[in-house]
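Lettered A, B, C, D, E, F and G in written order, each chain numbered from 1.
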Amino acid sequence: MLKPLGDRIVIELIEAEEKTSSGIVLPDSAKEKPQEGKVIAVGTGRVLENGQRVNLEVSEGDRIIFSKYAGTEVKYEGTEYLILRESDILATIG
Amino acid sequence: MLKPLGDRIVIELIEAEEKTSSGIVLPDSAKEKPQEGKVIAVGTGRVLENGQRVNLEVSEGDRIIFSKYAGTEVKYEGTEYLILRESDILATIG
Amino acid sequence: MLKPLGDRIVIELIEAEEKTSSGIVLPDSAKEKPQEGKVIAVGTGRVLENGQRVNLEVSEGDRIIFSKYAGTEVKYEGTEYLILRESDILATIG
Amino acid sequence: MLKPLGDRIVIELIEAEEKTSSGIVLPDSAKEKPQEGKVIAVGTGRVLENGQRVNLEVSEGDRIIFSKYAGTEVKYEGTEYLILRESDILATIG
Amino acid sequence: MLKPLGDRIVIELIEAEEKTSSGIVLPDSAKEKPQEGKVIAVGTGRVLENGQRVNLEVSEGDRIIFSKYAGTEVKYEGTEYLILRESDILATIG
Amino acid sequence: MLKPLGDRIVIELIEAEEKTSSGIVLPDSAKEKPQEGKVIAVGTGRVLENGQRVNLEVSEGDRIIFSKYAGTEVKYEGTEYLILRESDILATIG
Amino acid sequence: MLKPLGDRIVIELIEAEEKTSSGIVLPDSAKEKPQEGKVIAVGTGRVLENGQRVNLEVSEGDRIIFSKYAGTEVKYEGTEYLILRESDILATIG
């Protein structure tokens, strides 16, 4: 299992075909192309200067839109994942 | 439904024709051209270092002026939206 | 009505002719030319990390000097305005 | 009257002749040339993250040395002034 | 023994062969290639502005994925180590 | 008298001859050459975000080593001084 | 005696021969080469925004690894020293 640190999340990409069924169509010409993913795991959140941790706004299973060039790809047990920071997420869907 | 995170908002663009009727005319030669939009959804606000969230100053339905090159375009269920940060909003109209 | 957000202000420019009458003459050769304006509307102020809002130091009707290339021009109901941040204001006059 | 905002100050430049009489001679070859001025007006000070304002260390009438390329020149009622931030002041003289 | 300072950690790299057995395969074409390592020692954590130290989220023995070009290589008593900051760690595995 | 502001200090340079007598020899090839000086006056210290001022660690009369290209030279009543920030000081000697 | 300020430390370099005996071998090809040193003196620590000083994690006599191009060389009473910030230290040894 991949367990992201701090304000990071692990997502699985949702391919364009799925996107169409969920109603999202992203313009090809957009310079910073957003993409859709499904949250697999979330970190414990970033630590504020008063020592408090901020829970992430997204949870396992959420569908999200994120900026295309954000994050780092990893392949784990045969599946490709993307590790993002919560600040790379634009919105949740649903 | 698109639900923006943190201090982000989802807006629908208001076309130039509508703008004229609302009284806003933006000069073509302006380098950083502002634009007009209608707020569709707002995030829960950013988190301060004391753990407190700051509610956004805009609400669903507000008409706003924002900087042209700000934000990311997404198409959801056949409609085009723009996802901005609250700091990209210059003013509300009305 | 334009209502600026946070620490932004909406001003009307005061033309050079008016400036002369008010006593301000700005050198043409200055690289970062300041200009004069009249405050039309002010935002609610920026939010500090302790959650407190800081009221702006300027109020509707104040005459101000600001840096020339600051802000974004908008035209609303036939009048041209400039939307600035309070930090772009150098001084008030009067 | 020019009233500077925040941690800004308005000064009148003190010409080189005066400088000699006050004992300050500045080397011509210095890359960041300091200069001398007299404080005409001071702002209310910057606001800390706890909401407190910090009074400026200089007062009306103080003679100061500041970095040459700092600030913005304005001409008001026939006199040239320079508007600086307090952080551009190196020292007071006297 | 190497004892890292603050929010730093000392890791041993896990070679590609081991990676395959643990199920991680990293794409060769990725620009910022992640890598796998085993935590050997952790620092005492960074100090917040309120004076509190934040314990690291990883412990000795954890397997981690980190960004390839992060950290500094050192060789100590015949073994090669990498010294990273906790912020260079993307996720733990297992 | 020159009275530096905030975390600034005024120093007199100590020439290379004196340096030898005090035991400091600085390599000519060093890119960021440190230098030696004597503290003439110190500011009241910088202001923290809680409103507290931090007294400088150096006092009038201290001998210090500082980075060569730091600070601004001024000539006052026939003597050359250098105005530095405390952060430009590397160490005290003695 | 050299007394470093704030979060600075004074170290003596430990030459490559000594390094071999202590077991550290650093690869020649490393771009940011770490090096080994012995702590001679430590500062009083940096000041947090709440006014508290943070004691350094290293003490006189500690052996440390630091990044090669960090710090400033000085020669004092015939011995060469390096003045670093604590953040330039990667780890202690022993």
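We adopt the following convention: a contact is a pair of C-beta atoms (placed from the backbone, for glycine too) under 8 Å apart; a residue touches a chain by one contact, two chains touch by 3 or more.
Computed from a predicted model, the values in this text were never measured in an experiment.
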Both-way neighbours, i.e. chains that touch chain F and touch chain C: D
Length of the line joining the C-alpha centres of chain B and chain F, rounded to whole Å: 50
Chain centre separation (chain B, chain D; CA means) in Å: 40
Chain G residues counted as touching two or more neighbouring chains: 49-50
Order around the closed ring of chains, commencing at chain A, then chain E: A, E, G, F, D, C, B
Residue ranges of chain B touching chain A (in the complex, touch as defined): 1-6, 8, 10, 41, 44, 47, 49-51, 72-78, 83
Chain A contact footprint on chain E (complex, rising order): 23-27, 30, 32, 34, 48-50, 52, 54, 57-58, 65, 67, 86-87, 89-94
